[in-house]
Structures are given as structure tokens and as C-alpha cells.
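Same chain, two partners: chain A is paired with chain B first, then with chain C.
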Partner chain A sequence: MTIERIGDHILWKRQPPAVVAARFAGWLVLVAATLWCFEIMTRDTIWSFVLDAPRQGADLVGRMVPPRWGYIQELWWPMWETLNIATLGTMIAIVMALPVAFCAARNTTPSVLFVRPIALFIIVSSRSINSLIWALLLVSILGPGSFAGIIAIGLRSIGFLAKLIYEAIEEIDASQVEAITATGASGAQTLVYGIWPQILPAFAGVCVFRWDINIRESTVLGLVGAGGIGLNLQASLNVLAWPQVTLIFIVILATVVLSEWVSARVRHAFI
Partner chain B sequence: MLRLEGLSKRYKTGDLALQNVDLRVPAGQVMALIGPSGAGKSTLIRCINRLVEPTAGRVVLGDTEITALSRNELRRARRRMGMIFQEYALVERLTVMENVLSGQLGHVGFWASYFRRFPQAAVDEAFSTLDRVGLSEHVDKRADALSGGQRQRVGIARAMLQRPEILLIDEPTASLDPKTSRQIMRLICDLCAERGLAAVINIHDVQLAQLFVQRVVGLQDGKIVFDGPPGDLTSEVLTQIYGEEDWTATVRRKRKAVDPDDEDPVLDEERLAGNV
Partner chain C sequence: MSVASGTRWHPQPLIADARVRWALIIGATLYLILALASIDVNWRRVAEGIPRAIRFIGAFLPPDFTSRWGDIWAGLAESLTMTLTSTVVGILISIPIGVGAARNVAPVWVYLLCRSIIAISRSFQEVIIAILFVALFGFGPLAGFLTLSFATIGFLSKLLAEDIEDIDPASAEAVRATGASWLQWMNYGIQPQVMPRLIGLSLYRLDINFRESAVIGIVGAGGIGATLNTAIDRYEFDSAAAILLIVIIIVMFAEYSSSWIRQKVQ
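Our next item is the complex of A and B:
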């Protein structure tokens, strides 16, 4: 970039010295701002509590082990319910996210001016509200129980799925679509032959990924009364039954590991 | 057969890709369209089936004015024009058979194509076409498992399944090695001869074009600057189409190739190499 002659040689640097100095100043400001913010954030911290933390933590862990294994008998059904909330919610979301995704993708939307903004708005509003908050709203509308949980998971997932699917649609190879169009295929046939095979791996991957996330999210829905294992978690926390809490954590962990394995298999199968 | 009248295309960016092009392709004629990159070759063949909408002018295929058709009529008209692409444009994750049968999409309804229930006549034709292009072993393979030459054969078979009257071919050999290029060009020209098809072939390789086609059209900056038999391509003509360069090697070899009475050793070697 910068060229300076020293005898026979040309001195080469990637950036001129002024840019290097400006970058250094930028980093300096960033570090200073971080320190300053940390100072403000910790103004109300009571440091003696923080210093005490290792002892408190050890005390809590001491009360949490050993887990109360016998409690497992009461967890089978809530865990099954949790899995069902996640799975049914994801299925509802997939059905609703597909048309939204095709309306949001630039290369498949019926109208960039009218339909696309509506689809994008659906995506943003679904994504901006956490499923716990959806559940809170739905429990007050539909009453407590797993139905509210299913709908909450579904509503939250539409935006996530539609966003990732429409990005996959926008990245497809246009020449394959062009070739199908050139055979005289209709719009629907072009979708099935030219577009769908190209997005299938991404679609399958995104769906099992969201299902995986939804299993984790549905474990806490019970905290607001929307069914699943969260109800047991809340009940145990309320009575300070720490050994039961430990067992719930273990069951959730096992389920999540299992769902990781399943989603890895599904993704592999669809490449 | 195919008639272009005053065809022009100006892209939204302002680039004038085609300027007032007039061209007639009689039935059964295989025509090469040569010219430098950016001369408008791809735009020209995409204007014929309106994958690119021409800005002005008429495209007439047989008795049908393509440029005057509604969307539905255009779909039906597109069935008569088979298209073959540079990067093959196969649907990579579908099987060879599905790709070939997709040439029939204009003839079958949505649900029949969705459930892959094509008429038996179409399936028979797909098998015989795959046999003709030498791919009967690979029917159930996925398209992305094939080599470049094999993929282009699938592309050719797909175009044939449309039972077209004309082939629009965009750089069929640009992604292939020299030997495969010759095999592909020979296959295309043989199929055209067997079925009496006309073809417009965009091609970069002037020598290859000269070996196989009956007519060469030179496009430069969106205008036709040459139209004649391959034997008329002289150094001056190539300079006019592509710009200043030493063309003697190209012209000399072509001279030998186009003279059918001359038993030329170079040509025979090339034929043999392509035939293996």
C-alpha cells in the first residue's frame, strides 16, 4: 500500500501509518469504554457476598447431592409431555413457516413490495418474543397446561425456521431453476423440481436444530404453568427439595444429549 | 423456422446487450454463435425462450410469435425449445432419471410430476434417450455423482425429452476437457441430424465450432458482424469479431478441417481422439 523508496528497494506496508494509528486509537477507546462500563455495572455489588460465593456454592452443591433417584418415577410422564410439547410445537411451526419463508425470499416471493414486508414482519414479531413470554401470554388466554406450551413453542419457532429457510432459498443455484423453467414447467413444478431439492438439506437441518432447541425451551415452560417437566422443577424449587432438582437436571441433560444425537443423524441423512 | 427481427435488449443497468439483431435459422440447421465474452451471446439465446425478456423486436418460432405470448402460452411454447447449459444446470440432488424426466414437466400435470408418475411413454422415451447418450448404467445415480461429460449428457437427454423443434445451447463444452468437448459436440450434432432439429450453439472454441457446424454467426457488442459458412472465417473476420490477435494458427487448421475432399491427417487424429 504505502510505497517508499530506499535505494533499490521498495518498502511495502499493508496500510498507511495514519490508518494504523487510527486503528490503535479505536482499540484503546474500546478497552477504556469496557472498563468504564464495568465500573458502573458493579457499583451496587456487595463484594463481601461475592467473596463468600465459593463457600455458598459448595454449601448448595452439598445439599443437592446425592440426587433423589426414587423421584424418577414421578418424572417419566412430565418428561414425555415435555418432548411432546417440543415436537408438536415444532411441527406446527414447520407447517406455518414454509409459506412464510417462500414469501420472504427475494427470488420466490410473489411481490417484493407487498408480500415480502408482511412475511418479514411475521418473522420479526415471532422471533422478538421469547417462548417463555409467549407461554405467559397463552396461559392467561388458553388456561394452564401443555396446549398453551405447544402453541407458545410453535409461535416462537415460526420466525426462526422461516428466517433460516428463506436465507437458504435465497442462496440456491439460479441456473438449476432456470433450466427447469426452460422446459416449460409451471411455477409449482419449478418449486418442486428446481427449488425444493436444493433447500432440502438446509430445511431438514434447520428443523431438527429447532426441535433440539425447543426441547430445552419446553423444559422451562412449566415455570409459568404451560406444562412439562418445568412444573416439577418449580414445585421442587419452592420446597427447597434440592436432591429432586438435581435429578431433574440429570433427566433434562440426558434428554438433550439424546436429541443432539438424533439431530446429528437426521442432518447426516439429508446431505 | 426461427426468426429474430430487430431484437434488442437493454438491461436495467443500462447495458445494451443486443442491438437490433436480425437472424433466421432454417429447420435442421446447426448454427454456431461466436463472439467475445460480453458480446451478448447468452442474452441472445435467453431472449429466444424469454428467460430474458427482450426490450424490443420479435422472436418467431414456426408460426408462433414468442414475444407476443401470455405467460401460459409461453410455457407451452417453451416445450418446443430444448435448452442445454454450460454448467449443465442439472438439479444436483435428483437422480439422473428425475433430471431427464423433468424435460417432460411441460407435458404433465403438477401432482403427476410431484409423485413422479410420468406417462409410461415418457418413461420409455427417457430410457431409450439415456441409452442413446450412453448413460443406461447410471439411471438411478444422483446427478452430482457424475463426471462433467456424463452430466452434460444428462442435460442433453433432458432437452431431448421435451421433443423440441430447436435446441438452444449455451457454451456446452466450456466446462469440459478437449476430448469430452468433441464427444459432446458430436453427440449434439448427431442428435440434431437424426431428429431434424435446428440448433443455436453459443461457443467460445472457434476451432471446435468449425469442425461440427454448418453456419457460423459472429456477434460483437450486441451486433451481428459475420454470418457465413465456417470456411469463410479468415484472420480479418476473427479480428473483427474478437479484436487484434495472431489468428494464423486457428485459420490454418480450420482450412484443412473444412475441406471434405482433403484427407487430412490432423483432422483424422482429432476425430479418432474424440471417438475413443
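Our next item is the complex of A and C:
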């Protein structure tokens, strides 16, 4: 906080001039970098296509409405498959994430020096690769179909679940664990009666949260051939059947809203 | 939980009502059986894939950075420029929408309008938006840039609005009591309270946008995802491994540096 005198005026300023100048320079650098990046990014852009966008948009809307409602008959089975991809994928991820989480948490890991870095590396690599990329890889390895989708969702979710669960484990109350250990409980018993009840609410919340995200992600996995409603989306896009695309978007939107509602209800019940 | 002699203590069941508990267990089992029956695994195809899987894992030692370096570099440049520009533009648009979506500073009609913009932006996945934008603006990173900007709006405005709703009203009111105009009130009463978190969220979004930029290339919106898609389609696993490693390293770097900056700011 500084005060500046201009003649007999006293002007209050929030920051000293040096800080103001440094911030201004920082903003200037950011703006310059953004403009420069924009320049590089649009080097190969064909602007006539971009300027054409309003007309294209009007044309697209004209093609997309009305949606082809009759197509819904062919979407029930893909929707069921999508739901299964998300649910089974989440289950696989839960089973695999629990040991990783216990190895990554500082207070339960068998070895801070050796096991913890490996667990953290598993978490980071699983988290940095999107499920669509996992699916791309797995389709080329396992062949197209929902099986690749389930594994892709599973692999992507391990990192997310393990990260949030291990943070919950690190926040537990040590005195309760100590109380269980003091009764002469074995390691497994301490885990079940001392640690598990403390992380259960967080665990349930995280799992349901991830399931909700996975429903969203499994709707587009079919774009790379990994099953679910995305396959119909890809097929409809390929033949430019826009009325079908609209219906698929509506179905996806409804599913996403529904799954968000379910997950909010379940989380509310647990916490 | 009284323990008579000779009986064993049991932990309390999670769901007190036995009927509800059994209904849930039976329902879950039934679902699991139906769901597992619905996936058909072509084991012959899986078996065929095993050598390919081994080849893919083998491709990581060592990954091949050189033979497709030109393509990788072009994709990476597109992804990185797309990430920065879309985050900056997304933030610029999200700030007024976020302010408008905060119930304590905006009138009802502005609030409803801004909340519906947020809802629209949040309910569609990046990939789906990218499909539409590619159809509208043509292939290439400009469609990706627009997609990511659009997705940033939903994320950032919502969190910013929640943050503004949570501010300490006393200091905002103190500024207002000095006779400050609306802009001064925003700038001195509210902005200092939400700025640290806004910077944190922006950095987090930068990180997310980079990750997403690796995905939307699959539907033609430019970036490293397009390069990766091509590499996998050609079964060039050693180049794919190189791209994946680059993505992982950049994400790790972004995550650590953004958490470091966030600690400094907050």
C-alpha cells in the first residue's frame, strides 16, 4: 500500500510502483506470447473456410433438425453397452487402484524409497493419457469392440482413483490406527478395522465420481472403435446422416444428466 | 455392541436394513452377470494381438524419436500453441460469465443466462464439440483452439462463480461503503479475494487443455493427437511410444510447475 502525492492531492495506490511495473511487464509478455502462438497456430488455416462458418452453421442446423426419432430403436443396445463399459471399467480400476493407493500413501507404503516412486509413476502415466488414446492403442492391440473400451476406461481410471484415495489415506487419524494396533491386531486387521472405515466415505465418493466421468467418456470411445454408442456416432458421421447424429447427441446428453443425478444422490447418501 | 461370553464380535453392517442390503447385493450380482454376458470377446483376435502388445511394450525401449520427428514436432507445436491461446481466450470470456453467474453480485436474469451458458458448455465433451467445430471451421488447429476455449468457459466460469459466492462479504461491503462505483467495488472488494484461486484454476486448466489437445486431434482438430492417431494406424508403435512419452513428460512438468506456482500464489 503506497501513497502518492501529486501537488496537494494525496492518491492511494494498492501497490508500490515497482510491483505495478513488474506485473504490467508480466501481462505484456503473456499477451505477446499468446499473439505469437496464435500466429503460429493459424499459419496453415484456410480463412475462406473460417469466414464461411456462419453459412456452414446454418446449413448444418438445417440438416440436423429434426432429429430422426425412429433411430432410437437401434440405440438401446449400444447404450446398454456404453453403460457396461463405464461400470465394468470402473470396477476393474477400483480393484487395481486400491493396492496402488496403499503403496503410494506415505503412511501405509511398504517402502518410501522404492515402492512409492513406482506407485506414483503408475498414477502419473495413467492420468496423463486420456481414455480415448488408451482406447486407440487397445483397439489396435485387442481388436475393436467393447472389451478394448472396458480396459481403456480401467487403465485411465486407475491413476485418478489411486491419487484421490491415497490422498485420503494420508489424511487419516493416526490415533485410531494406533488404538487398533495396540490391541495386538495383525497388519491385515489394522487395515480392515483401523484404516478402511476412515477412508470409506472418501473412497465411495471418489468411485461414484469417476463412474460419472466414465459414463461421459465411454460415450465417445466408439469413435476409435472401442464399442458403445460412439460406434453409431462414427457410422452416422461417416455417411453424413446428421439427423441421426442429433438424436445420438440428445441421448448422450440425457445419459450424462442422468448419471450426474445418480452420482450426486449416491455421494449424498455416503457423505 | 455387547459381547456375551462365547460369541464373536462382528462389525456393524454398512446398510442397517437387511432387506435393502440383500436387494442391493442380488441386484448388483444380477447386473454383473448380464453385463459380463453382453461383452463378446473375440479371443482369437486377442491372441493375435498379443505379439502386437509385446511389440508395443518393446517399442518403449527405446522409443523412436527420429524417423517421424518432423511430424511429431509439427503436432507438438500445434498442441502447445493451441493450449496457450485457448486458455487465455477461454479465461477472458469466462471472467464476465463467472461474475454474471455469481448470485451475490449479479441480477437474476444475468445469473440465469450465465448459468445456462455454463450448463451448455459443461454437458458436452470436448470431442463432441470438436466434431461440430471441425464441421464448421474445417480441419486443423483453429477448430481445436475454439473447442478448448469453449470447454474452458464452462469449467472456469463455474468455479469462479462459486468462488465469488463464497467470498467474505464484509470486506466487499466496506469498499462499497466508501462510495465506490460498481467497477471499483469489483476491482478492490472482490477481485483481490478471488485472484489467487483464479490463477490456480487457470494453471490447472492450462494443464487440462494440453491433455485434451492430445485427444481432439483424433477427430481432425489438429495437435499431437492427429500425429499419434496416424502413428498407431500405421502400427508404428515406436513412434507412438515416443509421442506418448513426450505427452507424459509435458503433463508431469506442467503439473509440478503449476502446483509450485499455486503454492507461491496462495
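Heads up, the rule we're going with is that the second predicted complex is superposed on the first by the 231 of 271 C-alpha atoms of A that agree within 3 Å, B and C clash if a C-alpha of one lies under 4 Å from a C-alpha of the other, contacts with A are read in each partner's own complex, and residues count from 1 in each chain.
Operating definition for what follows: a residue touches a chain if its C-beta (ideal position, glycine included) is under 8 Å from a C-beta of that chain, and two chains touch if they have at least 3 such contacts.
Remember, predicted model here, so these are calculated numbers, not experimental data.
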Worksheet item: So, A:S175: does it touch chain B (first), chain C (second), both, or neither?
Response: first
Worksheet item: More residues of chain A are touched by which chain, chain B or chain C?
Response: C
Discussion item. Is A:Q15 touching anything from chain B or chain C once the two structures are fitted on A? First, second, both or neither.
Written reply: neither
Item to complete: Applying the touch criterion given at the start, work out whether A:S111 contacts chain B, chain C, both or neither, answering first, second, both or neither.
Response: neither
Worksheet item: Does chain B (first) or chain C (second) touch A:T183, or do both, or does neither?
Response: first
Item to complete: Using the touch definition from the top, say if A:L137 reaches chain B (first), chain C (second), both or neither.
Response: second
Item to complete: Look at A:A33 in the shared chain and tell me whether it touches chain B only, chain C only, both, or neither; answer first, second, both or neither.
Response: second
Worksheet item: Is A:Y193 contacted by the first partner chain B, the second partner chain C, both or neither?
Response: both
Practice prompt. Go through chain A and flag every residue that touches chain B in one model and chain C in the other.
Written response: 193
Worksheet item: Where on chain A does chain B make contact in their complex?
Response: 173, 175-176, 178-186, 188-189, 192-194, 197-198, 200-201
Worksheet item: What residues on chain A touch chain C, complex-wise?
Response: 14, 30, 33-34, 37-38, 40-42, 44-46, 49-50, 53, 56-57, 60, 80-81, 83-84, 87-88, 124-125, 127-130, 132-133, 136-137, 140-143, 145-147, 150, 193, 216-217, 219-220, 223-224, 237, 249, 252-253, 256-257
Response to the item:
In their shared complex, chain A is touched by residues of chain B numbered 49, 51, 75-79, 81, 83, 85, 87, 89-94, 98, 102-107, 110, 113-114, 155, 158, 162, 168
Item to complete: Spell out the residues on chain C that touch chain A in their complex, using ranges where they run on.
Response: 11, 31, 35-36, 38-42, 45-46, 48-49, 52-53, 56, 77-78, 80-82, 84-85, 88-89, 123-125, 127-128, 131-132, 135-138, 140-142, 145, 188, 211-212, 214-215, 218-219, 225, 228-229, 232-233, 235, 240, 244, 247-248, 251-252, 255
